[in-house]
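So, here's a batch of structures to check.
Two complexes are shown next, each including subunit A; its partner changes from subunit B in the first to subunit C in the second.
Presenting the complex of A and B:
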């Protein structure tokens, strides 16, 4: 029973990070129908930004969240305004956007190699290895903090998309951009904002990941793959579905250790992805329009 | 150039009496090619190996170069960046041999890169001396032109178990020890697993492996895996991991409140970077087994000469990476001088028969044919101490401190 409880707690805490990683990818795809392959690059950039602020200026990684989010938002705006918006919309531009954003990711990664070398880096704070005990289970302070921020992000994102004018405009554009143009919504501005928001969420995920794991310029590849799995499982364009899918993936991965050799547990998520694509192509929670 | 091709050319020149028109062996210097992962995932270690190679070439050229017969020829290193990828490593090795026309090859770092590159050397019949591939599967192919200075990882695990055994026999660890074994799913990890399980099988009454699991490189969440180790209530926790995974896993190990009588991450443990990332108290008493330590300078004059010279040149102590780079290049220089020729077959013969004093533990370097020409020099086992030092605790002949077992932190 104790073992079960430990695994469940580990899964829930892991789900928080997974969800934060996937929100941005889901949001951008849901609105722009663009698969942002640079998502992994921004995750990596967020990690390094947090590390630089901590190492050079002594800013605690959780205090630096607003700075990292704003910087990642700006990266997103620049990438969208400078590159993505010049591509054809819809299926016609799908391949171009994939190649373009993959190229941007490679540029970011190699820039990181030049600036920071390939050395593994970590963010170490006084509480990095601290834990609290509850019901006989050791809980990492960092993991609890990451989970708390992930839940807060989910709530804020949900409120933003459902309660604010801009959020509603984003959802409307995701449904039908042409109609939005007819009723006076500046679709291009919404696209820019959404791309920036998606990048900001990726940067946040990178920073949170950096508080837990060591990282190098190759950081972001595995995170991008997992984000894909989560977004597809949750149903493209569904924020709540993304959070639920993150929990499903984390539970499946963590509990798989009871039945499978450890090295196969990472593959479990991809098997789940194939099964969902075959039997429920709309995702476990169906297609939604951001909400 | 095919093997021994230079010999008929020289003979032809002499017979024709046109020696002046023929390039004498070593006349333009000796060109040695190498690639290293100077960018990409292994860039950090690649840079360390580069320091070792650069230092070895500098030292050799200070002596005028290598003696080839009655002449001394300078040695030139043509070093390229293989970007930590197999395809590039293979392509560049081919370029070095066939376009740059190097006389010999030195190896890159990381087993998977060495394995890929060694096939190119074998196809072209050129001596390939490496200090960066430790997986025994590389040498199981019995390549003729491949020589490796890194002893197999099985011996690394074996050295740790031997130290544990001395502690157990001294009555410090209990009679039957339960082992939790985690290993990265690579050739390196598989060799580590084999070393531990073979030792446990040979000493069945004393060791029982209760957890035997592999994990993928660059893992993010080890909590479930560590939970399995925790549930098994083992005495020894032995893992084989690269630096990034060591730091991530040890952080999760500490926050999960785990503690074992003996804790090791294979070759990892004593790195300054890990102590900085985790805090010194969280890496105390971690045991590591490495191919070389600068502390060997205390008992090995050759190692002392290397450590002193390297420190004067670079302002920091060499780690095993730089030492392996240096010794790899030196082994090739010695073989060339012993052959007295740049003939590849002659140099290969000298490498095969090599038995020279070395900076390596054991003080001798050889490439035994029965192990596919992979050195079987012993390992040294170090243990982190609360004062930040990591003395050698095994073998006794080169020990610079006493190891501590069981882990005193577990009682706290």
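Presenting the complex of A and C:
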């Protein structure tokens, strides 16, 4: 029972991080209909940026959050304005944007190899190993902080999308860009902003992930696939749906440790992705994709 | 009167046979070093793999990021058969290829029904799950330490010709698949699945068949790879790098065209050989950069570039080029996307 409770708490704390990284992917897909394969690249970039700031300048990873968020926002804007914008939209562009963004990811990954080598890195702070006890369960301070920041981010995002003019414009463009143009919304600006926002979430998730796990230039590929699973499961646009799906994935993963050898738990996410796409495509990004 | 189907062009057939004959007499005539012959055999192998990837990714427009799964399954099944039953290697290759093709059907039959980018996303999951699970399954793959096959004298000499033959068969199949009425059906499915079904094409059957054939051929190339190197390990066979190498070869050469993936594979192998020697840390990034440039400026890759040059110099009639581009472009008819604007 004790072990069960500990695993459950671990899953909930993990789910916060998962929801943050998945929401960025879902947002970009929902508004632009572009699958941002570079999501994993930005997650990795966020992790390394946090590491550099901590290692070279001694900035605490939690203090560097605004810097990392702004930097990954800018990455997103550059990628959109410089590359994605020039591709055809709709069916013809879908495969092209997939390949293009995959290319960007390869370049980012290679840049990270050149700059930081392929070695595993960690962000170690004095409080990395601290934990508090509550109701007989010991909780890592770091994990609690990551969970808190993730929840705060999602709440702010939800308020932004539902309460502000720009947020409403983003949601409107997701529904019908042509009508938005008619009523005076600058659709191109909204696309740019959305791509930046999605990237910023990826960078934040990367930084938060880096405080918990070790990472290397290939960090982000597993996270990208997990984000897919969550977006597929939770549908698009709803913060609650994303959070619920993130919790499902985290619980399945964490409890898989009880049944499977440790090595295979990494495969659970991938298998789940395929199964979800096959059996629950209706929930995919909140729309039907199966003929 | 002709024994050939009407879609076979005689000049193309002649050129193909001459090319194969040249390939067969080259090694003794030029007295290649072992290094050169290895490189050329490897090129044949990857030309075959890239062409087979293109059946699915180009002809059908379903980009797979998980073809390493079939490459690895073909390799390990045939290696196990060679070790356990001492079959002739070609028989083991076919068996490995068949298992790989069936494995492709197992995950592909349901996922091919997905529209848009979802199939591609599912393939990433398939590839990685296969890598993890089969690395764990030591009974088949020998775990992360891999499998060694007995080394036979002069095997590589023999395999050069088998590689040439394998590439020839796959190239002939690529041509047939594009030019026959079957290829016309694939084009229709790629442009619009529903409309294709309306005019009497069976999309489900045809997609499954192409996936099976693609998996079979890639599985056989994996089996060939195993025989050629006498040692295979799951990290190399099933790696994500392996999957994306197929994508890169086809895209750089010209996805959806008949010769593009072959050109791309040649460039890929040569470039890789050069870069691994001189700049081992740079080659993935360079491929990424190439991918970006190709997609942005010349979605039909080297074949598209060729037509661009030919148009400037007036070598090719514009209408011929227009039909070819519309057919081959990734994601279906090109014009639709450019003019369609935002959906």
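Quick note on the criterion: the second predicted complex is superposed on the first by the 256 of 291 C-alpha atoms of A that agree within 3 Å, B and C clash if a C-alpha of one lies under 4 Å from a C-alpha of the other, contacts with A are read in each partner's own complex, and residues count from 1 in each chain.
Convention: a contact is a pair of C-beta atoms (placed from the backbone, for glycine too) under 8 Å apart; a residue touches a chain by one contact, two chains touch by 3 or more.
Since this is a predicted model, take the numbers as computed values, not measurements.
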| item | value |
| --- | --- |
| First, second, both or neither for A:128, with subunit B first and subunit C second | first |
| Touched partner set for A:7, first subunit B, second subunit C, both or neither | first |
| Dominant toucher of subunit A (residue count), subunit B or subunit C | C |
| First, second, both or neither for A:138, with subunit B first and subunit C second | first |
| Subunit B versus subunit C as contact partner of A:214, first or second or both or neither | first |
| Partner chain(s) touched by A:262 [first = subunit B, second = subunit C, both, neither] | first |
| Which of subunit B and subunit C A:113 touches, first, second, both or neither | both |
| Footprint overlap on subunit A, where subunit B in one structure and subunit C in the other make contact | 113, 222, 261, 263, 266 |
| Residues on subunit A engaged by subunit C in the complex (per definition of touch) | 33, 35, 83, 86-96, 98-100, 102-107, 109-111, 113-114, 177-178, 187, 221-222, 224-225, 228, 261, 263-264, 266-267, 269-271, 273-274, 277-278, 281, 284, 289-291 |
| Residue ranges of subunit A in contact with subunit B within the complex | 3, 6-7, 10, 14, 113, 117-120, 122, 124, 128-131, 133, 138-143, 209, 212-216, 218, 222, 253-255, 257, 261-263, 265-266 |
| Subunit A-facing residues of subunit B, complex | 39-44, 47, 84, 182, 185, 213-216, 218-221, 223-225, 227-228, 231, 243-244, 247-248, 251-252, 254-257, 273, 276-279, 282 |
| Complex contacts: residues of subunit C adjacent to subunit A | 61, 63, 65, 107, 110-111, 113-118, 120-122, 124-126, 128-129, 132-133, 135-136, 193-194, 240, 244, 247, 251, 281-282, 284-292, 295-296, 299, 329-334, 336-338, 340-343 |
